[in-house]
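There are structures below to look over.
Look for chain A in each of the two complexes below; its partner is chain B in the first and chain C in the second.
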Partner chain A sequence: MYDDFANPWTIRLKWSYLLLVVVALLSPVFYIVYISFNEHGFSARIYEFTFDWYRVVLSDTILVSSLSWTVYLAVTAVAVTIPMALLSAKFYKRSRRKVAFVALMLSPLFVPADIMGSSLLVFFKNLSGAFSWLDSVLGVNWFDGWFDLGFLTALIGQIIYTHPYAFIVILITMSRYRNQQTEAARACGATAWQAFWQVEFPQIRVGVFSSCAFVTILSFNEAVRTALLKGGFDTFSNVLVAQMLNIGMSGESYAMAGIMSIVSITVIGSIIVYTLVRAERLERKARAMAEPVMSI
Partner chain B sequence: MESTATPSSSPTRRGRDIPASPVWWQRLLGENGIQKWVFFIPIVFFVLFFAAPVVLTIVFSFFERTQFWMEPGFTLFAYENFFTSARAENYVFSMLHSAAAVVVSFVLGFPIAVFVRRRVAKAAQHRVILLFILPFMISELVRVFAMRPVLGRNGVVNNFLIDIGIINEPITIILFSPLGVIIGDVMSFLPFMIFAGFLALEAVQNYIFEVCDDLGAGPARLFGDIIVPLAAPGIFAGSVFIFVNSMGVALVPTLLGGPGAVNAGLIANQAIVALDFPLAMAISTIMILTLVLLLYVGHRLFDLTKVLEPIS
Partner chain C sequence: MRNSSDTAVEVVDLGKNYGTVKALNAVSFTIDSGQYYALLGPSGGGKTTLLRLIGGFIQPTAGQVLLHGEDVSHLPPNKRPTSMVFQSYALFPHMNVERNVAYGLKLRKVPANEMRDKVDWMLSMVGLDGYNERMPHELSGGQQQRVQLARSLVLDADILLLDEPLAALDAKLRKDMCLELKRIQEKVGITFIHVTHNQEEALTVADRIAIIADGDLIEQGTARDIYETPRKRFTAGFIGDNNVLGGIVAGVSGERVTVDLDFAKVDIAAPGTTAAAGDQVSFSVRSELLRMVDPGQTADGAWQSVPATYLETIYLGLTTSHLVRLPDGSEVAARFVSSEDDIGSFETGQAVTIGWPSGRARLHVS
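The block that comes next holds the complex of A and B.
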């Protein structure tokens, strides 16, 4: 029988490889953050720590304005996507045609950003044209500018992108919830809403909050779809792309990339740490309950 | 028992309150009203803003190009334009690069999924997988951008190799080249192979591995005959995700590919910048059809719904 626990070095080697891959995936990003604090920028022989590049970024009114647009977009995306993902997950659990439903909900994961963005761009331009035509036929201006490129179209693009992730995270949390609890609550006279809010939601809360964080970060980082659908405003990542392509890699670009990385690492890192600590706490509690009571 | 009910209060039968029948707004907000239909909102939204644009992309690809836009009609000019130009060749090359990215991701990532599933304690498996969420959630833009100071002439890799004496001159083939694009794709999408592989293996019962161990199957046989076939839906889902995104995300060849590097996403973007919307739609259509074909074949062969079994 093959057993890689027989030789402790085999298992150590495998763990080392796993950690090496994690480090390899993360180290370029940490290197960017490291450069962003160097007064002399990339490939300088001297390293002098400074916050100057960050000061330059945060004192640039265009960048601060793009940052506030990014925050509006992220907050609105969370406000719309999370309830929709909850509804989708609930629908999936009770649905009989799971395959068709899940294919519709998860397909956006497989459509690349540029392709989806191009399709939505042409769709919205046509929709806007169709609404203008309808206005002119009816002699009114009710539908004027409904789907002109702007905040709403960028938001729709982001919901299509972030919804599958939120749906999966909530579905994973819901898979541990037993429906019999809802049935019991209903049998005791609770309404559907009460059964959800007072019985089910407290148990899936962690997944819902995690998906809020994921959607915030995905929306904050999204560049391609938003660039095609945003119309007249700029988001932080759009400005970064424009800078990289037009000006090149300046100290300011490193600081902007640094801000995006630090925000993502802080939010997602906090969730991971919280999840690990919570799991540890629950495990300890379960062990304590399982231990036999000592007699005096 | 004497009833004390006033005419306005609820009626009673044998001393029990009979609930009053709901008024119209209660029926509207009730479980057979809005509460029932509210679950269809995501479906309506996705049909309207995902399925419809994708289907209309195919329709628009047959429209005729005007100076700044397009007009209804039926012409194959956009497809002719695509297949008779260097774009078709570039598309095939980007397919080859994407296939290479899939193979490298499988070789590097799938053994991690197997290791976590088989050798890490059940309670700790999800925590280990969580480690790969962090790099995946950092902006793809930043991750791709970060490869430039790492792989460049004066980058970390070249400086390190020169310092330890392995090379005398910087290696230039790892950036602004097809290899740079493959490295960028692998760094961007590798975690997905780990997630999808792990999810598929989670549905495999432990006793299967135990039986194999008891019967003395070696690691190679176990991997080739048991693990890969059982994890095939996950491997396939991960591979399609990496393949399609490597072909469609324009950022990687733009930042790491150097002059002349393109993929399907970049060709579509260039067509939009040139205001050739039918061509952009034709390229998107070819991309979407490639994706649909891959998913259909994968579903017929491996039943991709098995990937979701652990969370169903």
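The block that comes next holds the complex of A and C.
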């Protein structure tokens, strides 16, 4: 907020600074996207627009397979993590020991990714061994391969990693929600589920959708932990990094980075634009509905 | 709607504990159908807990809630014949007025035409014709409470619970809404249970008032009973502008009790009292019954009087209060309608005599 006596140059300076920060943060990303459309790649003197690098990426079976696997992981992580985070946020609101609850929920964030990944790796190896032992004791093979490294173990690691973020994002929007509205819905005859779905959810959905976007992006972003728990370096991020390390930045690498950047920016940008447009629409509607004040 | 002689609500030994904290201690009472019943008491006394137990928002630790004779203690709110108006923030902000009011009807799958007619009729009853398309944030506090009321009444529930519905409104609006609530209740004829800590609100709307404090039902009665003849010391201190004085019973003669205040003895009419000589008791006199005279003027037999020292006069608009200090250090107030305040002028520190009509003080043994 600025008061009426603020120096206009101070205001301009603040906005310029903000713009500079945003430009500094995003220009490398935009530059990579820009390069990814150049037929001659990075540091070429000529710029000729092309989709060829994207075509190459999408026709590369290893890349498409790693992309599909990561998309599958992201979708499953969203499907599992978001309801869990939502439940956690609801429990938090009812909880009497809020500080302890938040500390518990956020604790995975305080463990470095490599440590968490390797700890889970050891844990799953031991768990797998324990189940194999159980199978042999029982003379069955019911638990065979349950916790062998693969999709399930990578998913569990991803859930542990993304749950705190999703919890916080949902909690922020949920903090504005008054529980009396749920009670009012119940008093009108709604079941607990109807009260949640028809009254509470519409008011927290921005947070829920933001969390979905966040978990998706984190799933693409995560490299080390997923690689350790998947048992192979063939996730999309890992393939991208491996390519860069082995053959340097090729046109394909730029196109892959471009895909990730465009998806991330589109998702986050859409949420921001939707939120701003919705707020503006509501405000305009409120202005239109307001009674005029006439002079006397 | 049920027969007005039915008992709408029966609460039997109802108790609620939160961990080791007792919020409500084995409360029992009944409310007739079609009655406007107020639960009045200080904040934290347990009245909202009691209302929420009746509404099914919390489960009792002990006791039963019977609505129209059926035990509903185990039922959730949506399975009880009740509806509720909350203090504030309870309108659904993403729905306009029409959708808010129609919410319960929609859950009941009422046909669209019938639903629209009912919503319009109910909005007209609460004075909000034409507000169908407004969003909650475009309404004033009073209008929001009217929408809540319409949303509850449109369901034709037998019992409407109101949890401090006027607490968030300014004084003028609260007064108007009080009368409005009473008018609506008389029109729809259902049972209203209204929680409030505001005695004026309770006295304005209620057919009967229950005083709730420290998790107990202190006493209940009509507004006039509670105001004019409180049985318990707490009620006397809480309702009206009462002066409560303590003393020891010096003697009991028929239906009159003589109380020794240490600095004076006064006779109190106490029919059916259980007080005996030597008991510690208290009595209350409403401030508007007190009169102040010069010490030289002796009170006649129709008046009880005690010596006091004049302190100050406080002008309160409609009324004026004169504060005096008794010889034991306690302060009492004599209140007059300002336009009829003709007691003359007294100096601070001046000795005076205060008196009240015999038979108008109330003796409290508890």
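By our rule, the second predicted complex is superposed on the first by the 275 of 296 C-alpha atoms of A that agree within 3 Å, B and C clash if a C-alpha of one lies under 4 Å from a C-alpha of the other, contacts with A are read in each partner's own complex, and residues count from 1 in each chain.
Throughout what follows, a residue touches a chain if its C-beta (ideal position, glycine included) is under 8 Å from a C-beta of that chain, and two chains touch if they have at least 3 such contacts.
Here the structure is a predicted model, which is why all the values come from computation and not from measurement.
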Applying the touch criterion given at the start, work out whether A:L152 contacts chain B, chain C, both or neither, answering first, second, both or neither. neither
Partner chain in contact with A:L171 - chain B first, chain C second, else both or neither: first
By residue count, is chain A touched more by chain B or by chain C? B
Thinking of the overlay built on chain A, is A:A185 touched by chain B (first), by chain C (second), by both, or by neither? second
Please indicate which partner A:P202 is in contact with in the superposed arrangement: first for chain B, second for chain C, both, or neither. second
Once chain A of both complexes is superposed, is A:S43 in touch with chain B (first), chain C (second), both, or neither? first
Check the residue A:K285 against both partner chains and state whether it touches chain B (first), chain C (second), both, or neither. second
Quick check on the superposed pair: does A:K98 touch chain B, chain C, both, or neither? Answer first, second, both or neither. first
Can you list the residues of chain A that meet both chain B and chain C? 191-192
Of all residues in chain A, which touch chain B in the complex? 1-5, 11, 14, 17-18, 21-22, 24-29, 31-32, 35, 42-43, 84-85, 87-88, 90-91, 98-99, 101-102, 104-105, 107-116, 118-123, 125-126, 156, 159-160, 163, 168, 171-172, 175, 191-193, 214, 217-218, 220-221, 223-224, 228, 237, 240-241, 244-245, 249, 253, 257, 260-261, 264-265, 268-269, 272, 275-276, 279, 283
As the complex stands, chain B meets chain A at residues 31, 35, 38-43, 45-47, 49-54, 56-57, 60, 69, 108-109, 111-112, 115-116, 119, 123, 126-128, 130-135, 137-143, 145-150, 154, 156, 187, 190-191, 213-214, 216-219, 222, 240-241, 244-245, 247-251, 254-255, 264-266, 268-269, 272, 277, 280-281, 284, 287-288, 291, 295, 305, 308, 310-312
Would you pull the chain A residues touching chain C in the complex into a rising list? 178, 180-181, 183-192, 194, 198-199, 202-203, 282, 285-286, 289-290
Chain C contacts chain A in the complex at 55, 57, 76-78, 82-84, 86-94, 103-104, 107-108, 133-135, 137-138, 148, 151-152, 155, 161
